[in-house]
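Each of the next two complexes has chain A plus one other chain: chain B in the first, chain C in the second.
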Partner chain A sequence: MRPEMTAASLDTAARTSAERGALARARLLRGLLPALSLALVLLAIAWLNPRAISYFGFSLMLNLAIPIALATIAQMFVIAGNELDLSIGTFVGFVGCVTATWLKDAPLIGAAILLGSIGVYALLGALIHLRNLPSIVVTLGMSFVWQGLAILVLPKPGGKAPDWLLGLMAFKPPFVPFPIIAALLIGLIVHFGLMRTSYGVILRGSGGNPAALGRAGWSLLKTKIVLFALAGLFGVLSGMALIGITTSADANIGNGYTLLAIAGVILGGGEFVGGRVSPIGAVIGALTLALAASPLLTFMHIPPDWQVAANGAILIIVLAARVLISRKER
Partner chain B sequence: MTSVKSLLTKPWIWSFIGALLVWLATIAFTGGYGAGGMVTAALSLAVFTVIVGVGQMFVITLGPGNVDLSLPANIGLASAVAMKVMDGNDSMIAVGLLAALACGAAIGAANYLLIWALRIPPIIATLSASFIIQSIDISYGRGLQIKPPPGFADFANRQVLGIPVLAILTVLFTIGAAVALQRMIYGRSVLAIGQNIRAAWLAGVNVGRIRFLTYTLSGALGGIDGALLAGYFRGANVDIGNEYLLASIAVVVIGGTSVAGGKANVPGVWGAALFLVLLLTMLNTFGVSAGVRLLLTGLIIVGVITAAGGQKAPR
Partner chain C sequence: MKKLFVLGALAAMLASGTALADTSGKKIAFSNNYAGNSWRQAMLDSYGIVTKKAVADKIVGAADIFTTADKEVPTQAAQVQNLILQGYDAIVINAASPDALNGAIKQACDAGIVVVSFDGTVTEPCAYRVVVDFKDMGKQEIEQMAKFQPKGGNLLEIRGLAGTSIDDAIHAGILEGVAAHPEFKIVGSVTGDWDQTTAQKAVATILPSLPDIVGVVDQGGDGYGAAQAFAAAGKPRPTIIMGNRQDELQWWKEQKDKDGYQTWSASIAPGVSSLAFWVAQQVLDGRTDIPHDLLVPYLAFTQDDFEAELPKIPKGGVASHEYTQEDAIAAIKANIK
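And now, the complex of A and B:
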């Protein structure tokens, strides 16, 4: 990939202003792609079932959008540092089990466990950096650990969410459904932190060019720890939000989130390497996937058998569109 | 003495030592009871991990970012295809196996088509493909009570002097894979691509063709594995391949193959697969709960990789 990039940057230097305009348009189109794909999915839903486009319809369809968006943001932080977290799904499940048991019965101990688990994430970041380990394998091992702990905390499905959490997730603001407001808030807050602050630039730089950042005197150990701790924090928020919606927990409740979160980041315009991620894009990607996986698809004559395939098809179509746009960009 | 020393420098020896230690710990616990039976059981179960592990190993060796996440869905679909084609009929066994092989190879080829046409990372390509394959499998295998023909089930479970026939065949297969990796143009090309894709291309390696072959090979091995699993467990189902996503990657890495690509190890896959299966047997023998078993498995994987780590691996 590298040689092509060099060639592209050389080309850029030789471009005329008219070509530069076309290039800017292609870039804009690429930036808008996540939003366009969300709009397309919405249009398809409106066409198949106009009644779904309502306050009630959106509340129902986007029911699980908040935890998916939070898990996607968690994965995005890890991907920003050129790593991959294969354990975020079982981690969300573990947090869910703690939320439905300890956090309700003994809030202080529950909060301490959750804070401790964020600490474990930070330690993993340090371990991966210091021993130069492949994050895929370390997080693969951790996915067993979280799942085991989840089963130990809650051997049988059950438990109950704390009342304050239930109240928060059942919030019904006027006019705009809560999941949309929450998704906007999450996207904007993370966007500000990662894209608009100076340390956010350093964090993304640790994925973009770690060697340069290290030579400039920044601690790569610290950036990796911060990125993983942030992933842990948003994983905890995701698990809590999930239990606030489902009211009770199950050790396997989050298992599907690992792959959904990776898909959400990529759908939202993120790249696997180079610290090129977009928080708002990631949230939009998560919303697109949440809509595509929504139980409401059943009412739209898409048989349940093919709902998983709808997710895969959306991924492939969006990525194909991105290739077409990127070709213009060259 | 020198031969022992040179043996200890081999990366794959540690997974075998680990497997041996776990086995010794278990028979120490049972007082020697069931020592042989445990090896037989471990061999029969390890076979399925080894077959997909070898496919995954070739894919991972292609370099960073190359991994086949569609194996579990592939195994599920191929097991259904094989059972449906065989239809409980002994005379159709060979046809069913071929159908599973073709189904897996087609999935692998489709994976590479996505990677090549959309220029997307293999992780995302195989992931989106696996979503679609899963749906096809759910739709295709719906409500069917698919049982293997009696002859095939017997074959998958047959033993000679306590050694499963499938294990013997798989050892032969892995020897073939090792020869292909180290002595044939195909294997050397895979290693070259993993070490430096641009250098390999400049040296005249047909990068596209080799990557296509590798993904197809991984898919085909997943297909065969699905058919054999359905024979061994006497039935196909959608979830039959689920555990092989983590297992296939774990055995490759524990076995001494570099995640950064360009360095592969076939014997290590066997050692790591035996180690993982024996580890589960040991924890079951100790009578620990499912939660503790998962917890310890995870901690041991992280511990092993931390101890063995330290190599340059961007991801």
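And now, the complex of A and C:
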């Protein structure tokens, strides 16, 4: 990794304007890549099934992409801190079960449980930092804890989403479908917080170049706690959004989200090295994955024996294309 | 503009849904969430055979199969939404979750699409459910056992996958049967998970602690394992109810050839998928008298007819039955009463 690419390298002043220009172009290209892949997938869908490109079509195709986008943002915060969260999927499932049971029947207790689970996420961040544990091991362990808790809360599939949540997710604004508005909002808010505020720079820097930040006097413990708490917060939002759409829960409902979220971050221009992430890219990446995996596949009329494999192949092609193009950029 | 177009299309779909008789232009999709075991493979095969013929005979316009991976609920929900967009008139579904797909199912119903669920049924009231009468199957196991073991005696019960409605229903039926036949007593119960290996281990573990067993009542997929466990323990061979699996019927035939061994076999036919297809076709045909909950019979074999079926079952597979339109009409009629 080139040092000048770490988001928080604090040596911008030393650069010549030519270098800065080249860097800006490279950044722009990388920023456009996710949008480009989304446009490609949309074109393919429009060609295969023109009926899908409509208000009704986008509402249907994209509404399940919202929880994926939120889970992707959660994963993005963890990856920004140079860690990996393997428990986000089962955590979303756990939140879903709490949402469909406690949050409806006893909103105060439900809210307390969800806040508490964000607290657990923050504690995990502290544990990983203080004991210098590999986050993959800790979060893999936690994924079984969340799954177990989800089954405890909801031993059999069922429950029901609170009415206000159902109303929110079924909201039909004029002209622009709700999922698109929600995706824009999520992307812009997180972009502003992480890319445009000074503490956002510190957060990204804590993953990109922790030694420099530590020497500059920032608390790495605090940044890790904040990053994991944010991941927990967006995990909670993801689980609630998911249940708002499905209307009732299942303890296994979020299991596939762990890997989808990681793929979304990478597709959206992020990298595993820490600090190099893009919130808007992550949201677009999540939308692309959601569209490429399901609608595209359904509209292509692939024989049933090959559908599952084709699903995987599409994911690999989309991700490989992203890697190829960003190689060229170098 | 686009919105208007969609509303128009929706209205057209709704209007065409109420027309009577002709279904030759209708498209039926099959939403499946898992294809990784022999039962599901047989389910897909049966569905494919029946629907290909139905399309060739111009009974329906198209019948496509869609499979997603790993029983994932959100993936299947997204798939159902895509099928709505594709403009299918009906969706036959084996659902990954009885409740968590209700949001997507409701959207399909609202778009004027007929939804018929089977095996993995959904609780959304607007959908149809094709349910096999598992409780009666459990009860029938005891009735049959009474024929083979008229003197009664001790029974061992093998349960299925814990927490599923199927396990609950078969177990309840068995208990009802035992209540009606007090000469039988269930002296032990193990969990076999509908799997020969699991069942064999579980039965082998409990056998030493049990008195003499005259019969084994189970849920299918576990009979052969139980037989192996009895043989390994050197215990006398009891009457073991079978579950239509190839290895079970094969063992039954070997025993029958040896000394006229008698038993009975029953299970849900994977071909119930084809029955669900015909139910969807009947609803599209304009029938409004079809109950949303349809109880259909299970597939059973007796001493006289199992040997004829055996060669038709692939190795490691399970007996199936492709239902016809007449079967579906008869099943619907039986439920209207």
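The rule is simple: the second predicted complex is superposed on the first by the 268 of 330 C-alpha atoms of A that agree within 3 Å, B and C clash if a C-alpha of one lies under 4 Å from a C-alpha of the other, contacts with A are read in each partner's own complex, and residues count from 1 in each chain.
Keep this in mind: contacts are C-beta pairs under 8 Å (C-beta built on N, C-alpha and C of every residue); 3 or more make two chains touch, one makes a residue touch a chain.
These numbers were taken from a predicted model, which means no experiment stands behind them.
Peer 1: Counting only touches as set out at the top, which of chain B and chain C does A:219 meet: first, second, both, neither?
Peer 2: A:219 sits against neither chain B nor chain C.
Peer 1: Name the contact category of A:307: first (chain B only), second (chain C only), both, or neither.
Peer 2: In the superposed model, A:307 contacts both chain B and chain C.
Peer 1: Would you check which partner chain A:133 touches, where first means chain B only, second means chain C only, and both and neither mean what they say?
Peer 2: Touch status of A:133: first partner only.
Peer 1: Looking at the overlay, what does A:67 touch: chain B (first), chain C (second), both, or neither?
Peer 2: Second partner only.
Peer 1: Classify the contacts of A:49 with the two partner chains as first (chain B alone), second (chain C alone), both, or neither.
Peer 2: second
Peer 1: Of the two partner chains, chain B (first) and chain C (second), which one does A:246 touch, if any: first, second, both, or neither?
Peer 2: second
Peer 1: Between chain B (first) and chain C (second), which does A:155 come into contact with in this model arrangement: first, second, both, or neither?
Peer 2: In the superposed model, A:155 contacts both chain B and chain C.
Peer 1: Of the residues on chain A, which ones does chain B touch that chain C also touches?
Peer 2: Of chain A, residues 155, 305, 307-308, 311 contact chain B in one complex and chain C in the other.
Peer 1: Using the touch definition up top, name the residues of chain A that touch chain B in the complex.
Peer 2: Per the stated touch rule, the residues are 2-3, 82-84, 127, 131-138, 140-152, 155, 259, 262-263, 266, 272-273, 303, 305-309, 311-313, 315-316, 319-320, 323.
Peer 1: For chain A, which residues count as touching chain C in their complex?
Peer 2: Counting only chain A, the residues touching chain C are 49, 51-57, 60-61, 63-64, 67-68, 155-159, 242, 245-250, 252-257, 290, 293-295, 298-299, 301, 304-305, 307-308, 311.
Peer 1: Once bound in the complex, which stretches of chain C touch chain A?
Peer 2: Residue list for chain C touching chain A: 2-3, 5-6, 9-10, 32, 35, 44, 64-75, 77-79, 81-87, 96-104, 106-107, 163.
Peer 1: Residue numbers of chain B touching chain A in their complex, please.
Peer 2: Result: residues 65, 67, 69, 114, 117-121, 123-124, 127-132, 134-136, 138-139, 142, 198, 246, 249-250, 253, 259-260, 289-302, 305-306, 309-315 of chain B touch chain A.
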